[in-house]
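Each of the next two complexes has chain A plus one more chain, namely chain B in the first and chain C in the second.
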Partner chain A sequence: MNMLKVPLQIFRYKPDQPPRYDTFTVEVPDTAHVIDAIDAAWAVHDQSLTFRRACHHSSCGSCAFRINGVEKLPCVTRVTDVWDGLTPLRLEPLRNFPIVSDLVVDVSDFFQRMSAADMTITCEAEAFLPFTVDSFAVAELEPKVVELPENFSRFNRFEQCIECGICMSACPTMAADERFLGPAGLAAIYQARNKTDDPKKVAHLLGLADGEHGVWRCHSAFECTEACPQAVDPAGKIMALRRELIARRFSKLFGK
Partner chain B sequence: MIVVGAGSTGSATAHDLALRGVRVTVIERGEVAFGTTGRNHCLLHSGGRYCVTDQESAIECIEENMILRKIMPDLLELNDGLFVAITEADLAFKERFLEGCAASHIPARDISLQHALAMEPFLNPKVLAAVQVPDGVFEPFRFCLAFLATARANGAVVRTYSEVTDLLCSGKNVTGVKIKDHRTGRNETLHADLIVNAAGPWAGEIAAKAGVSVPEIPTAGVMVALDCRLNNMVLNRLNKPSDGDIVVPQRATSVIGTTSWAVEDPDLITIPPEHVDRMISQGEQLMPAVKKVPMRAKMAVARPLIAKGGTDARDVSRTFECFDHERDGMNGFVTIAGGKTTTARAMAEKVADIVCRKLDIATACRTRDTLLVSYRLFFQQPDPRNGSSMTRGRDRSFQGSATNEHA
Partner chain C sequence: MHDYRKVSRASRWLDVRRRKLGMWAYALNRITGIALVVYLYLHLVVLSLLLRGPGAWDSFVALARSPFYLTLDVILLAGILIHGLNGLRIALTGFGIGVGAQKALFTILMIVSAIALWVAALKIFRI
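Now for the complex of A and B:
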């Protein structure tokens, strides 16, 4: 294990004070993730530095920020994958959110959108096994899938979306329409819609998607799908909602 | 009242007290679940893990497991768990395990190997026995948010990014806390009738500010998260708890854990590379495919275990304890220590009972049957500190602003 001396250039902001960047040099193992580096900056240099962290394995979604301008989860981003070995690593809060303090952003509006979709965070297991979010070649594992007994109830698991806000930060439309439901909000509507057959609920959800701040606002830039650390593919879900809305309009027109 | 710490214990304690009508303020130096709770193994214990070695903990676990299913039904992955025998020694442990489960009232089913392999295609095909128990999985951050959102709905105040810098002591009484709000840089003083210290492995540090001590050993453990979810159910080694004997699946990952070693400073833990290697090699015994999957993350955090004579970190009981510091000569100050996230609600009930008795509050605990509100409400509830001074982070360039250098 070799140690690295990594300069971090961290965005600092406290209410009523002008924002600035502080540079801290931290010593971390070469296997460290960016969250370990910011932990070190906080523990060793400055405990007034505020940031979020909890699970350290891309499950809680709390720690997201921008690393050299790109939205990432620092808990699963290795220092050596983003640092050139020379230039300070620039750490900044997510875009399109009000800043609370340093790297902490105000997620209240975002969670309100997620609440509007009313998507529960558990779902029936879509695929059996294995289950991945990366391009990792699962086929090599050759699982021996055996028929399950008939009386077997299905597995359940947490939704892929960890509500990290990365897609909202990467989305160009968010900057044009503050009230845009956003990639995560619309993907949640899609998921919630697929969990229900109740016509009232479906009408409500599709109504949200079809509204002024819904799917038609999206510029189809696909930045969200590119940035999503959990392979939720929000842009794909937005397109799917558009297709359903169009199909419903047609069937209304032709009285089907 | 003031609760120090917004991990699982502090969050559940705030909820319990708020539900009894107590005015409560939670002080947390970081974000919710910033410390031990955030980095836990996400295991909703059935108690199986402790049913032979620590039956008191096992009984606590199964009772709380059943209560949490009722009060946070949407926040759990409920796929049960398997205790599997890989070696003859594991197999020899089965009888004691089944007896332990029965004695602890844990529903356990000795299932056929064919059934086990059908449910878990990556399970080691050399498996010799499999026992199914009601283990589950939670998500620690949202676990705490749900308790705190409910507490806030009942009037609690939650102050994150506020660090306790000192305790206010007047003679033999603890009367409040001095805090530094890291969002504003301001120092403040808060008064309270009573302070509950729920700071986990940092509880000793807080207690020292009142000149008292807590017999706690901050004990770190390493966990390794894989880039792929290999198991549906929690997989445990059918034996006494040891290193790397459990793989907890969650969302799109499987997390192998843990090791166990005592640490001096819970804020400065370096992950020993050999511990990571051990997790992989032990995990492989449960599921050989583990070695083919890239590592997604690795983490370590200190658990707040209570010292009870023995020196081996594995022999320390996983149960919890309340320390009323009146017996150390300091009134108005209680520490709740030890335990685990699965038993957070029970810990809260116990400490709330004690502090309510001290303050002559007769209301009984209601957390066993109270459904928690959505975790999403936590961030939607107004924080009294949020004024109009926040700025929108969009499209701003701070390129020209001042830069400070720190060596």
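Now for the complex of A and C:
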């Protein structure tokens, strides 16, 4: 294992200061991921540096930011895969989100947008809440009922999507329409639509997709699908929704 | 809270750095689309020369045969071909056709554009 001296050029912003870039050089093993490099920058150089991280294995989606201009999960991106060995590695927050501090963006609107889609439980397995932990086969633990909060009547699950916000940052249309449901929102609508045959729910979901800030705002850059770390293929889902909407319009036109 | 969008959103549409082919298609469609709208208004202004009689129109036609104007014609045709054929890709994928092959579709349509433009340019300059 060799050690690398990696210069990091990090976007800095604090509410009472103008944005700037700071450059820190950190020493990390050649097997390190970008999140390790930024951890080192925090530990060695500046503990006011803010960034998110949790799972370290691309399942929580919280650490997403831009590395050399491209949205990635730094927890699974090796330094050697993105650093040319010469120029500083540029780290910036996701686009199309308000910045809270340094690499941390405000994702609350993103989640509210999902909630506005009124997607109820989309996985049959989750319809049986409250569930027991015995289904997870935890060794030497007595099965017990998980108590859920009173207002926990519904939640979203998009299958595969880790809600990292990468697609929302990569999408150029998000810059044109702040209320655009976005690739993640529309992919979620597609998933929810495919889980139900209830005409009321279908009409509601397709109505959202067909709205002013729905699928027709997409201009087929396909950047969301390119950037998605989980193969959700949001652009493919948007096109599938369009196809269904078009088919329904044709059927209506010919009175079927 | 700093709204980064307001700082950079104007540049987002054309920022193709380190992006994939679909983003190039997106940016090209915007540039050609705006250029074609500007051309449409210029075209209407030029047509209004007809209101000034045959003399005004004939002198413009003589000017339009100069190499500079013929080059502008070729650029205009490039815009029409790129915007039109890329629009075809968008329409097809919107119908759910060729979604998985959109990059290949774009490449093929741009090759068709280049060939058509080459043929048209030869004809335009041989007038």
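The criterion applied here is as follows: the second predicted complex is superposed on the first by the 214 of 256 C-alpha atoms of A that agree within 3 Å, B and C clash if a C-alpha of one lies under 4 Å from a C-alpha of the other, contacts with A are read in each partner's own complex, and residues count from 1 in each chain.
What we mean here is this: contacts are C-beta pairs under 8 Å (C-beta built on N, C-alpha and C of every residue); 3 or more make two chains touch, one makes a residue touch a chain.
Note that the structure is a prediction, hence the values are computed from the model and not measured.
Chemist: May I ask you to decide whether A:98 touches chain B, chain C, both, or neither, giving the answer as first, second, both or neither?
Modeler: A:98: touches chain B and chain C.
Chemist: Quick one: is A:62 in contact with chain B, with chain C, with both, or with neither? Answer first, second, both or neither.
Modeler: First partner only, chain B.
Chemist: Just checking: does A:52 make contact with chain B only, chain C only, both, or neither of them? Give me first, second, both or neither.
Modeler: first
Chemist: Quick check on the superposed pair: does A:196 touch chain B, chain C, both, or neither? Answer first, second, both or neither.
Modeler: After superposition on chain A, A:196 lies in contact with neither partner.
Chemist: Which partner chains sit in contact with A:87 here, chain B, chain C, both or neither? Use first/second/both/neither.
Modeler: In the superposition, A:87 touches no partner, neither chain B nor chain C.
Chemist: On the A-aligned overlay, A:19 touches which partner chain: chain B = first, chain C = second, or both, or neither?
Modeler: Both partners, chain B and chain C.
Chemist: Mind working out whether A:239 is in touch with chain B, chain C, both or neither, as first, second, both or neither?
Modeler: A:239: touches chain C, not chain B.
Chemist: Count the residues of chain A touched by chain B and by chain C, then name the partner with the higher count.
Modeler: Of the two chains, more chain A residues are contacted by B.
Chemist: So in the superposed three-chain picture, is A:223 touching just chain B, just chain C, both, or none of them (first/second/both/neither)?
Modeler: Second partner only.
Chemist: What is the contact status of A:251 with respect to chain B (first) and chain C (second): first, second, both, or neither?
Modeler: neither
Chemist: Where on chain A do the contacts with chain B and the contacts with chain C coincide?
Modeler: 13, 15, 19, 93, 95-100, 106, 175
Chemist: Give every residue of chain B touching chain A within the complex, in rising order.
Modeler: Of all residues in chain B, those touching chain A are 29-34, 37-39, 42, 74-79, 114-115, 117-119, 121-122, 125, 137, 139-142, 161, 163, 180, 182-185, 223, 225, 227-233, 249-253, 255, 267-268, 270-271, 273, 289, 292-294, 296-299, 374, 376-380, 386-387, 389-395, 398, 401-407.
Chemist: Provide the residue numbers of chain A that touch chain C in the complex, in ascending order.
Modeler: On the chain A side, the touching residues are 13, 15, 19, 68-70, 93, 95-100, 106, 172, 175-176, 178, 219-223, 226, 235-236, 239-240, 242-243, 246.
Chemist: Spell out the part of chain C that touches chain A in their complex, as residue ranges.
Modeler: 1-5, 7-9, 12-13, 15, 17-20, 22-23, 25-26, 29, 89-90, 93-96, 99-100, 102-103
Chemist: Could you pull out which chain A residues touch chain B in their complex?
Modeler: Residue positions touching the partner: 1, 9, 11, 13-16, 18-25, 29, 31, 33, 43-62, 75-76, 93-101, 104-108, 110-112, 114-115, 120-122, 125, 128-134, 136, 138, 140-141, 143-149, 152, 155-160, 162, 174-175, 230-231.
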